[in-house]
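In what follows, structures are represented as structure tokens.
The same chain A turns up in both complexes below, where it pairs with chain B and then with chain C.
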Partner chain A sequence: MREDLMDIICCPLDKHELDLEVIRRDDDEIMEGRLVCTECGEEYPVEDGIPNLLPPDMREESPA
Partner chain B sequence: MCFSIVLWTAGRTQVQTVKGQEWYQEDDIAEEYEEKRFSRGGRLIDRREKQAVLDAIGPVEDRDVLEIACGTGRFTVMLAERGANVVGLDISGPMLQQGREKAQRAGVSENMDLMRGDAGRLPFPDDSFDSVIAMRFFHLADQPASFLSEMRRVSRNQVFFDTFNRFTTRSLYNWALPMGSRLYSRWEVSRLLDSAGLHLVDDDHDFAFPYGLYREIPNELASVFRDLDTTLISSPLGKRLASVSYWHTRVP
Partner chain C sequence: MTDLAERRDLEQVYQPAEDSRLLADTAAERVREGELVLDVGTGSGYAASVTADAGVDVVGVDVNPLACREARANGVPVVQANLTDPFRDAVFDLVVFNPPYLPTPPEDERDDWMEYALSGGEDGRAVIEPFLDDVERVLAPGGRVLLLLSTLTGLEAVVEYAGEQGLVAEEVAAEKHPFERLVVLSIAPADVADEPA
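This part shows the complex of A and B:
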């Protein structure tokens, strides 16, 4: 995931802005991290370079 | 009698759609997806679909495009290569990993982003993109009306998608598929556009022979069938035989 993506995405539930917490970076790409809604506090993981913005009810129980 | 048949069909579609979603997210389906679908005669389908997308979008350079159900990024990568700023969204992690690797190989990672998401609850504010496209999506969609409304919400200008048609060879082919596949009549598409508040700009119809046929036959034979197919489609009754329709719509 590129950091520029933050300009485009929002929380899928309430459409508010997201905060990015980076756990692991590989050059410019964010490989692992968390996107946290500034309004509802819901967390969306970044896994293997791909943000998972599926709403919580559609997410698998055990993350890959 | 008639009524019970309708109910039974609807129930069957529902069950199979869920199965379709699971089928789609399997690792090995993602790995073999392109190989299985777009080699041999499938190449002709791939070419036709890409042309349909390019025709609809027009000059793609610097356009902001969202692809719903981008899978392994067949269209996402093509659009990024032509200079669009593309976002590809899909439900399947394994499909997106294939797309990510493909984008890196093609050197287009700079203007292409991929993410997992739900087509019914898109993670974008209103009016975020110039064009929103969905290819081979609506046949696996369990709530087409809400998906189309979401596509319209995030589009400033254009929404483009395809459907598989009822009362064509596709109806027969459908029975042989491992996943559910929803078919649409022209009337159903019109009703969906109305409820989403989209205006139809142009529609195109193709493939009297179903995709499954093309996939199973070698290139040379596929070309012969494709020529015959094109002749059939351009005949007076041709449009009614088409198993696939492309819908080019605008946000008013």
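This part shows the complex of A and C:
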């Protein structure tokens, strides 16, 4: 994900801002990291350049 | 990745069809340069890329991780999430959505990603209604929605439901097919829809 995405995303649960913790950056993209809600503390992973902002109860659901 | 695995992934991501093209072309015609667009249920990222070619920034969102990977590979900035859930208030000038709209009896529901992409539940509106509940929140002032629907979904019921949420819907594009008519509705908050274009 590009860092400017931070301007438009928020916690899907309470709509508060997210903090970005970068684990691995590749050129201008964040490849691995964590998005943490500044209000409720819920953590959302960034994996392979894609932020996963599904609420925790939908995260494990994987029909494929 | 083996060819077989690649093939299996493709079968789990909705690939562009007539509905995708009608929505993408309508969106590309109606965006103004510099606008920020959200493509809900972006799938392969087809409509998002076509719209981006019109000179706007497009972000895609999809619940399906395989779709997210494919959209990203097609150059679309993508977020894995449910509908408009993870987006801030008042950020998008246009939201486009080609939703799962086929009415599907519960006994025919399969548990895979393609089903997510196609099935709109028993009345075809199981995903469209929650979308309409939240979409106004993410619209910037003057923002609007382009929603693709089939006559199989019950257009009037959707227009009526939108009305209950304070939204005004009008048909802006349509295409006839053997068993259905595909329609693009332009939807805006009542105060925006009333303004002269």
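Just so we're on the same page, the second predicted complex is superposed on the first by the 60 of 64 C-alpha atoms of A that agree within 3 Å, B and C clash if a C-alpha of one lies under 4 Å from a C-alpha of the other, contacts with A are read in each partner's own complex, and residues count from 1 in each chain.
Assume a residue touches a chain if its C-beta (ideal position, glycine included) is under 8 Å from a C-beta of that chain, and two chains touch if they have at least 3 such contacts.
Here the structure is a predicted model, which means the values were calculated and not measured.
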* Asked: After the match on chain A, would you call chain B and chain C a fit or a clash?
  -> clash
* To do: Have a look at where A:Ile9 lands relative to chain B and chain C in the superposition and call it first, second, both or neither.
  => both
* Taking the superposition as given, does A:Gly49 touch the first partner, chain B, the second, chain C, both, or neither? -> both
* After lining up the shared chain so the two structures overlap, which partner does A:Met58 touch, if you call chain B first and chain C second: first, second, both or neither? -> both
* Asked: In the superposed arrangement, does A:Met1 touch chain B (first), chain C (second), both or neither?
  -> both
* Following superposition on chain A, which residues of chain A contact chain B and also contact chain C? -> 1-2, 5, 8-12, 15, 48-55, 58, 64
* chain C contact footprint on chain A (complex, rising order) -> 1-2, 5, 7-12, 15, 48-55, 58, 62-64
* Structure fact -> The chain A residues in contact with chain B across the complex are 1-2, 4-5, 8-13, 15, 29, 44, 47-55, 58, 64
* Spell out the part of chain B that touches chain A in their complex, as residue ranges. => 87, 89, 91, 93, 96-97, 100, 109-110, 113-118, 121-125, 128
* Structure fact -> As the complex stands, chain C meets chain A at residues 12, 36, 59, 63-66, 68-69, 72, 77-82, 85-89, 91-92, 111-113, 115-116
